[in-house]
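Quick one: structure below, then a few questions.
To keep things simple, chains are lettered A, B, C and D as they appear, and every chain counts its residues starting from 1.
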Amino acid sequence: MIKVGIVGGTGYTGVELLRLLAGHPLARVTAVTSRKEAGMPVAEMFPSLRGRVDVAFSTPEEAKLTECDVVFFATPHGVAMAQARELLDAGVKVIDLAADFRLKDPAEFQRWYAMEHSCTDLLAEAVYGLPEVNREAIKQARLIGMAGCYPTSVQLGLLPLLEGGKQLIDTQTLIADCKSGVSGAGRKAEVGTLFAEAGDNFKAYGVKGHRHSPEIEQGLSVIHGAPVKLTFVPHLTPMIRGIHSTIYARLTPEGRDTDFQALFEARYAGEAFVDVLPAGSHPETRSVRGSNTARIAVHRPGNGDLLVILVVEDNLVKGASGQAVQVMNLMFGLPEDAGLQVVPLLP
Amino acid sequence: MIKVGIVGGTGYTGVELLRLLAGHPLARVTAVTSRKEAGMPVAEMFPSLRGRVDVAFSTPEEAKLTECDVVFFATPHGVAMAQARELLDAGVKVIDLAADFRLKDPAEFQRWYAMEHSCTDLLAEAVYGLPEVNREAIKQARLIGMAGCYPTSVQLGLLPLLEGGKQLIDTQTLIADCKSGVSGAGRKAEVGTLFAEAGDNFKAYGVKGHRHSPEIEQGLSVIHGAPVKLTFVPHLTPMIRGIHSTIYARLTPEGRDTDFQALFEARYAGEAFVDVLPAGSHPETRSVRGSNTARIAVHRPGNGDLLVILVVEDNLVKGASGQAVQVMNLMFGLPEDAGLQVVPLLP
Amino acid sequence: MIKVGIVGGTGYTGVELLRLLAGHPLARVTAVTSRKEAGMPVAEMFPSLRGRVDVAFSTPEEAKLTECDVVFFATPHGVAMAQARELLDAGVKVIDLAADFRLKDPAEFQRWYAMEHSCTDLLAEAVYGLPEVNREAIKQARLIGMAGCYPTSVQLGLLPLLEGGKQLIDTQTLIADCKSGVSGAGRKAEVGTLFAEAGDNFKAYGVKGHRHSPEIEQGLSVIHGAPVKLTFVPHLTPMIRGIHSTIYARLTPEGRDTDFQALFEARYAGEAFVDVLPAGSHPETRSVRGSNTARIAVHRPGNGDLLVILVVEDNLVKGASGQAVQVMNLMFGLPEDAGLQVVPLLP
Amino acid sequence: MIKVGIVGGTGYTGVELLRLLAGHPLARVTAVTSRKEAGMPVAEMFPSLRGRVDVAFSTPEEAKLTECDVVFFATPHGVAMAQARELLDAGVKVIDLAADFRLKDPAEFQRWYAMEHSCTDLLAEAVYGLPEVNREAIKQARLIGMAGCYPTSVQLGLLPLLEGGKQLIDTQTLIADCKSGVSGAGRKAEVGTLFAEAGDNFKAYGVKGHRHSPEIEQGLSVIHGAPVKLTFVPHLTPMIRGIHSTIYARLTPEGRDTDFQALFEARYAGEAFVDVLPAGSHPETRSVRGSNTARIAVHRPGNGDLLVILVVEDNLVKGASGQAVQVMNLMFGLPEDAGLQVVPLLP
């Protein structure tokens, strides 16, 4: 039984970890920290967990995280960076759901997150948590920077087209028009994500530049083995969970004869959590609600030069906590889908 | 042209006043205060007002509210109390949308709002802003404490049954089961009213006791001329605007032969903003969205002893800012519906 | 492995059965009928089931339902009535999620469902599917009429107060003010439940009389051992899943000294799927989303004579398909919670 | 006073015409036809119109549409085509909100709408109803084919870049990623747009090809004076009203030095219903809810070669009925904004 600690259990990725781990046959949450809520049973804050999770929040001091096998950071950016070394030194594996270990270039990190990186050696060691891309490295890692929610969906949508230096699409003019449910903004008291503000409303945001943009380009460039350029436009849509990414890629002359449906199906044939839909499909976000699956459809309107790839995921599961559990399973040699067999909730 | 000042224009009742007054033919907003946003054009915070409202927020000092004909307080509780006297002394009429001048008993006010009342003489003078109940007093008033959102709907639903000491229903066992849209909680950064918390969710709150409870009982008792007791249970429903009150009243033996449909229709025949639906109807909140109308239906299931009264209103209009404009119209001898002829937005 | 057949797999209770049974360790769906969709894989209609359910719809003829151990009817009213006898004769247990076997009086059935009852002998034999009330009878039954969604919540909310002829509350003036998500109306093409009609809107319906009213009164009367009268007012609320019942009961003089919190906690101490919240709580529908749990809170505002009981359930799970699986488990001697350990999805 | 007839008043564009015309100072609805609902007061079907619209539905025969000054067709495709000639012959102006008179090429019409065009001479005469593009032609017209909802937003977003043969952007690789509220699908009983299907869900549709695609390309080509190619991807988003179009255009070398903010502001300076937001803005659909205004923001991320244009409109107003009233105003020499001064409803 893997002993799991969670730092920051009061946000959406925290409660989602608790939900998934409550059903995990081989792991058990032994500590959840929250300085502010120390002493309160987790199920008092989240009644959905009553009868399923009996741990209480504790201070970091009481939590004895160094006795865990693995610690998840479901915290704001900057927290994992400050605490990772002590845990690693104690032999604890660390999985950060925030951005501290995503961007490989500390200057880029500082530019987008407005803080200096405090442990660049660990940053260099950290493995990017996107199993479909680097499963083997994850298995060997002791420190993971989990892929972000938007970046997961965009990279899964472009992976079969870019990996191994393939020249099927123009890698300098990619566009990802992404739509996220409001839970993506987190469980923070803010006016902009109030029900009466975000409800019955649709808008783009961060068009000038968004933190996930450098992460996506970094990831795609690693996959491709050469620099990739992508314009990323996120939108806020009035639903709770779900990301829908609509990705546009221009075909190269070499790419035009490709059977893209077959390419995607072949690439993901062995993946438990990526589902390529039949040709002509339109994936719905609700078809993955609560589950760790991403669903993908590939379109080529009018058999022209533009590929339109549609990707859906649950931003809190495959886009965050579910993928983090998937990564944990890999790190500990467990079945990759342990605790992740939840059937999506529809309707 | 009535010169209007608004204290606290950044909340929902404030922006709703601005929306309605932008279409008012006989009133003009000359000042909107917000210490925090001073200098910012109102339409920058609320782009829906671009091209329709060209005033900017100003500090209370710059606002010269004493030069207005009337000042609305769309503020948290306690603000109007502190500023009303100076305005009244300068000959400005004051309309408070908060609770400072609702409860006639200062001790009750202190009990429910956790602050001492600082001007009990003004409280004694203040008129309760519910035109269907006390239109004449409003016309003569210089200080109004506007009826709350829930209390408006419940009082309109019971007015024909209680006024003038009528003995049609048991006045000691009334129940109001009320459901409000989330905008009723205001435009405050809070976790509980986030889209991802309040969306796709339904719950009761304040069952132990809610501030609107004493206001409702006070209002009904005044209407009835004798003490009335009511159990009030508010609920939060995942929509932006709208209140639906389901009111339960036991008939007295005297009441049993009454034609309640006729009673309600007769009572509200001359009221511009109360619409009694045909027998058997179920009013929908969206049928009044954005408008100052309340719609009412009266049911007597199985022709038994229990009356079920259904009332809908837009909590921000008839439940707040629209009714405040209606009151202003009365105070200044304008047509009662000036600026209030908005047709509800459906769908 | 229990072999399960489902008649009518294209509606919401059908797909919910499929979701729950996909995770059931001791049962397997071997047939799902739909004359209209025969031949189509179930997962094509409901992509959420891709990779989890590989059965296809078949015609009733091909389905060989008589080879199943149990058949669920997730059909419109009237279908189970016509097919139950043949299955029972073949030794198949039958669980009807519609209303064919709920009302014990055939005249009442005809009055509310506008069709004659075609097998009154089976009706007499049928057991009402509400485990907390009649678990032992269910274990022995071969034909079950599942409790309706509203009736489940109201009966669970009143059970501790009424059973065994208790005289704690006035049994002739009960009120249930119930609010349901839109999925309760089923997956039928209708204007009234379109997103643009039911969204951002709230209304009561069926105040004159609703089919669940006689079912609730029948159930409560059985529980109490004497006639009980209740006024039932259902409302439609803009969410997908969930029922919130607010129940009002007048205390009798005998009832006034009762510790209701203790009463409820004691009554449900051994029940896996009824959770009594701490005193002062307000259950949220989302706290049970996707799960078979009902949560209950008991209030007595101002320590007065009126009890306010709040009950939440997922209308498609505890209110329909989950409870049906619970019943199946009982009928076959399986652990009562087999396949029902889904953790609620929050947010 | 303009006498207005409406054919097909039971759908969303019909009720929206009624809402707007109820507040129009110079027009009056004298007939609303619906064969199915003949005799029913319009306000009985749409209680939001109670007290504001007192006309009843009538059969086409009784309606005496030939006595109107103008007739709007708020009908399914094909109806206006069949009835326009008789009205025009009687001197009545005709405004079709459906697609009968949008596509200039009858073969294209037949391809996308699966019916033959029955009056190609009228089609040739018909003027496209998009005032910002062809105001003068509209003033002279007696038959208008109103622009579709998506096409309005996309054309307004690209008009300043394309008109007069400008060579600022690559006209062969345009992309419009559009998101619509569910009311865009109309008030038809269909499973796909039920609340429980479309709520809390996001999906693309019609990626293979959508009827608005040829309309957009035709319109842009007319504007540009040369063929324009655009990939159009519509999405369904869980809100009632609103379209958000995110448009991607590659700059040409000539285009790179353009001040696009200034270009858009200058182009729309005189337009009452197009509002160019300050640089860096993200328009929200709710900022135009219920109003005839479109709001536009122009972005050039990283000062690169890709222009991102964001356009919002209310699909039922500027995208349909409001624009139709605007067109009527032009045809009859009324002030262009008569009846269209509704302030958007926010929140």
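We take it that a residue touches a chain if its C-beta (ideal position, glycine included) is under 8 Å from a C-beta of that chain, and two chains touch if they have at least 3 such contacts.
Owing to the predicted nature of the structure, the values given are computational and were not obtained by experimental measurement.
> Looking only at C-beta pairs that count as contacts, which pair of chains has more of them, C-D or A-D?
When A-D is set beside C-D, the one with more contacts is A-D.
> Which chain's mean C-alpha position is the greatest distance from chain A's?
Farthest by centroid: B.
> Taking each chain's centre as the mean of its CA atoms, how far is chain A from chain D in angstrom?
That pair's centroid distance is 39 Å.
> Just the number, please: Cα centre separation of chain A and chain C in whole Å.
37
> For chain C versus chain D, what separation do you get between their C-alpha means, in angstrom?
From the centre of chain C to the centre of chain D is 45 Å.
> If I count partner chains per residue in chain B, which residues reach a count of at least 2?
12, 181, 183, 187, 196-197, 199-200, 238-241, 283-284, 286, 289, 347
> In the complex formed with chain B, which residues of chain A make contact?
By the definition above, chain A touches chain B via 12, 181-183, 185, 187-191, 193-200, 238-240.
> For a test of understanding, state which residues of chain A touch chain D in their complex under the given definition.
Touching chain D from chain A are residues 173, 175, 177, 179, 181, 196-197, 199-205, 207-209, 231, 233, 235, 237-242, 244, 246, 248, 250, 280, 282-286, 289, 299, 301-302, 304, 306, 308, 310, 312, 347.
> Give every residue of chain C touching chain A within the complex, in rising order.
Interface residues on chain C, with respect to chain A: 12, 15, 19, 22-23, 46-52, 183, 187, 199-200, 240-241, 275, 277, 281, 283-284, 286-291, 293, 295, 341-347.
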